[in-house]
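So, here's a batch of structures to check.
Same chain, two partners: chain A is paired with chain B first, then with chain C.
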Partner chain A sequence: MGKKSVIPFGPQHPVLPEPIHLDLVVEDERIVEAIPNIGFIHRGLEGLAPDRDFQKYLYVVERTCGICSFGHGLGYVESIEGIMNVEVPERAKYLRVVWAEMARMTSHLMWLGFTADAFGFESLFYEAWRIREKVLDLMEMTTGGRLIYSVLKVGGVLKDITPDMQKKILDDLNEIEKETREMTRTFLDDYSVKTRLVGVGVLTKQQAHDVGACGPMARASGIVCDMRMRGYEAYADLGFEPVVSQDGDSYARCEVRINEIFASIELVRRAFERMPKEGDLAVTVKGNPDGEYFARIEQPRGEAIFYSEGHGKPALDRFRLRTPTFANLQALCETLKGAEYADVPILILTIDPCISCTER
Partner chain B sequence: MGKVKKSPWLLHYDGSSCNGCDIEVLATLTPVYDAERFGVVNTGDPLQADILMITGGINQQNAPVVKQLYDQMPRPKVVVAVGTCACSGGVFRECYNMLGGADSTIPIDIYVPGCAARPESIMDGIMKAVELFQKRSDEHDRYEKEHKGEAGPVDPNINTARDKVRMKEMKGAADV
Partner chain C sequence: MSRVMKFAPVILKNLFSKPVTRQYPAVPIQYPEGDRGHIEIQIDRCISCGMCVRSCPTGTLSVDRMKGTWTINRFDCVQCGYCVLKCPVKCLSIVPGYQVPEREKTAQTYQKSPEVLKAEAEKRAKQAALAKEMAAKKAAALKAKKEAEAAAAAGKAAEAAPAPAEN
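Here is the complex of A and B:
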């Protein structure tokens, strides 16, 4: 039995792109307990909702997080459309799916890069980010932004994807798929990568259920939960099937995210096939929101819940956002118990932390 | 960009940004944009860093962290504020928890605008920072040579009259 000591981890740490502080109680090299301390990026943007027009507040919500920017915008417009009973045009629904899935691809490719960096595989990190740039180029071509897109509006979308763009996207996706397959062979089959991932940070199905994990974290532990199964936007027509793995270790979480990249590529292709060739992009929205609504959507990191409440004024009275990383932090503390100190960076990264969403 | 004798190391800290600029800073360092060809390397250790890149504004909780990072960096040092939030507070300026842009806590040398700042403009900021670092480094060396290593009244970090005025105005500024 060794002596217990506390090692502070963060808020500034080489593996962390964002600040989070963890107090790690260690006994020799083994972690007994992890106590998270968040709030380094807390801005209080929910507090801005009563001061802003509900249409203009969308631009604040999109800046909750630069990685899941599209997801946040989508959840917010869904919650407002829910209050006001707005029926979004069919084509706009498909366009939203296309952008949401491409944003998911950039997020997962980014995560693969960070994970490779955490276990010290620099060239794999660069490879993942090189492929990510190609997806970002497609996003920039269609929306005009690399990370913050601002193409959504209450009642539809602002921009269209022309047939030329569509052809270019489909061509590039073939290339992206081929390159990603080559790259992910290293993640899934390489001996040295496996030694860092297989059996590290196991979260059983029961544990994942108890701590309320969501997104790829829960799906890697065998829980079938994906908000896209709800069939919001056009997902109901696209025959969506969630990607699930059973082992619950870091390798399984890696596998789930890799397979989700391919699933997203497939969804984009299907969306282009079934999209109405022409049609309105948005409907005009009149009046102010009066009522309340919960919107639940699947972001790259899991389920996000958006609550909006308005009382007939231009500004919302209350906006509340519950993000996936907040749910997964409990799962992180669970997996850190009993882990080796050297595995801490990988375990923190396997939940795909998005601290700026969590703290808002 | 003039002749650069040394390779400055970069330290990146996320103040309270939305993550967009952080990802773009990292994208700038990866081979597609490749900022490393200007001789900069990304490091996680403030004790070895020469250029601090700060993204996002400052809030109540991270102000001491940012101050501490700035103090831990050896002189001469250059600070680059990346993104609109770090420059002025951006869309979050009126949020209750924000103190403002990064210059509310530490002195900033170079401002890179954009929401999120594009890799091209971040690269421009890095090049200007490298140039400024070289200038300060030369001044620092000259000062030490003349004064044989004594700590003098002049801080090599403070280059212009504007900086001096700002330094006085800043309440609770880092030890400069």
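Here is the complex of A and C:
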């Protein structure tokens, strides 16, 4: 029995893209307990809701985080459309799916890069980011922004994807798929990568259920839980199947995210196939939100919950956002228990932490 | 070998292919059409209605109707494009090309040309004169109506007044 000591981890640490602080109680080289501490980049975005009208506030919600920006915008407009009973045009629903899935690809590719960096594989990191760049270019071409898209509005979307753009996207997706397959062979089959991932940070199905994990974290532990199964927007028509793995270790989480990239590519292809060839992009929304609504959508990191409450005034009275990382932090503390100290960076990364979302 | 050198083909391919990065700024960047870079205004078409000021989520715009100016602090603008959507005369546009960094956050002011300002001032004066004329007319009409009413009332009173005298 060694002596217990506390090692502070973060908020400044080379492996952390964003600030989070963990107090790690270690005994010899093993973690006994991890106590998270958040609040370093709280910006009070929810508090801005009562000062702005609900259309304008969308641009604030979108800027909660640079990576999940489309997801945040989508959840917010869904919650407002839910209050006001707005039926979004069919074509806009498909366009929203296309953008949401491309945003998921950029997020997962970015995560793959960070993970490669965390286990010290610098060239793999750049390879992932090189591929991500192509997806970002497609996003920039269609929406006008690389990370913050601002194409959503309550009642539809603002921009269209023309047939020419669709062709370019499909061509580029073929290339992206090929390159991603080539790259992910290293993640899934390489001996040294496997030694860093297989069996590290196991979260059993029961544990994942008990701590309320969500997104790829829960699906890697064998829980079939994906908000896209709800069939919001056009997902119901696209034959969506969640990607699930059973082992619950870091390797399984990596595998789930890799397979989700391919699933997203497939969803974009299907969306272009089944999208109505023409139609309105948005409906006009009149009046102010009067009521409350919970919208649940699947972001790249997992399930996000948006609560909006309005009382017939232009501005909302209350807006609340529960982000996936907030739920997954409990799962992180669970996986850290009993882990080797050297595995801490990898374990923190495998929940795909997005701290700026979490602290809003 | 096959288990440990999974990345070798990618490395080899990258070694013998062109760099994916661009020699910026020697090779300038090509922005796609519709890129949200910065806001531009055709100031002479602006009617100084202030819709853009009210719609901006960051509150970076200001408009002075009398001076005919439109001011933007480009460092506070988040390129959301909401002002462009809201402008009733569509004189705002969001065009490619990002804001270049500067040492200080300075606001940029656009001034309407003297001809437009003069025309606007004339129009305002005309409108004011018209409004004054209308007001005067209205007041006169009101006065006439009141007088007529008073006269009628007086007539009625005169009619009604002798009646009790007869009693």
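Just so we're on the same page, the second predicted complex is superposed on the first by the 360 of 360 C-alpha atoms of A that agree within 3 Å, B and C clash if a C-alpha of one lies under 4 Å from a C-alpha of the other, contacts with A are read in each partner's own complex, and residues count from 1 in each chain.
We take it that a contact is a pair of C-beta atoms (placed from the backbone, for glycine too) under 8 Å apart; a residue touches a chain by one contact, two chains touch by 3 or more.
Computed from a predicted structure; not experimentally measured.
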First (chain B), second (chain C), both or neither touched by A:261: neither
Which superposed partner A:67 touches (first chain B, second chain C, both, neither): first
Which superposed partner A:19 touches (first chain B, second chain C, both, neither): first
First, second, both or neither for A:130, with chain B first and chain C second: both
Touched partner set for A:11, first chain B, second chain C, both or neither: first
First (chain B), second (chain C), both or neither touched by A:44: first
Chain B and chain C footprints on chain A, overlapping residues: 59-60, 63, 130, 133, 148
Residues on chain C engaged by chain A in the complex (per definition of touch): 3-4, 6-7, 9-11, 14, 20, 32, 34-36, 55, 57, 78-82, 85, 94
Chain C partner contacts - residues on chain A that touch it in the complex: 52, 55-57, 59-60, 62-63, 121, 123-124, 127, 130, 133, 137, 140-141, 144-145, 148, 150, 158-159, 182-183, 185-186, 189-193
Chain A residues within the chain B interface of the complex: 11-15, 17-19, 39-45, 47-48, 51, 59-60, 63-67, 69, 110, 125-126, 129-130, 133, 146-148, 354-357
Residue ranges of chain B in contact with chain A within the complex: 12-24, 26-27, 30-32, 43-46, 56-57, 59, 61-62, 65, 69, 90-92, 94-98, 115-116, 118
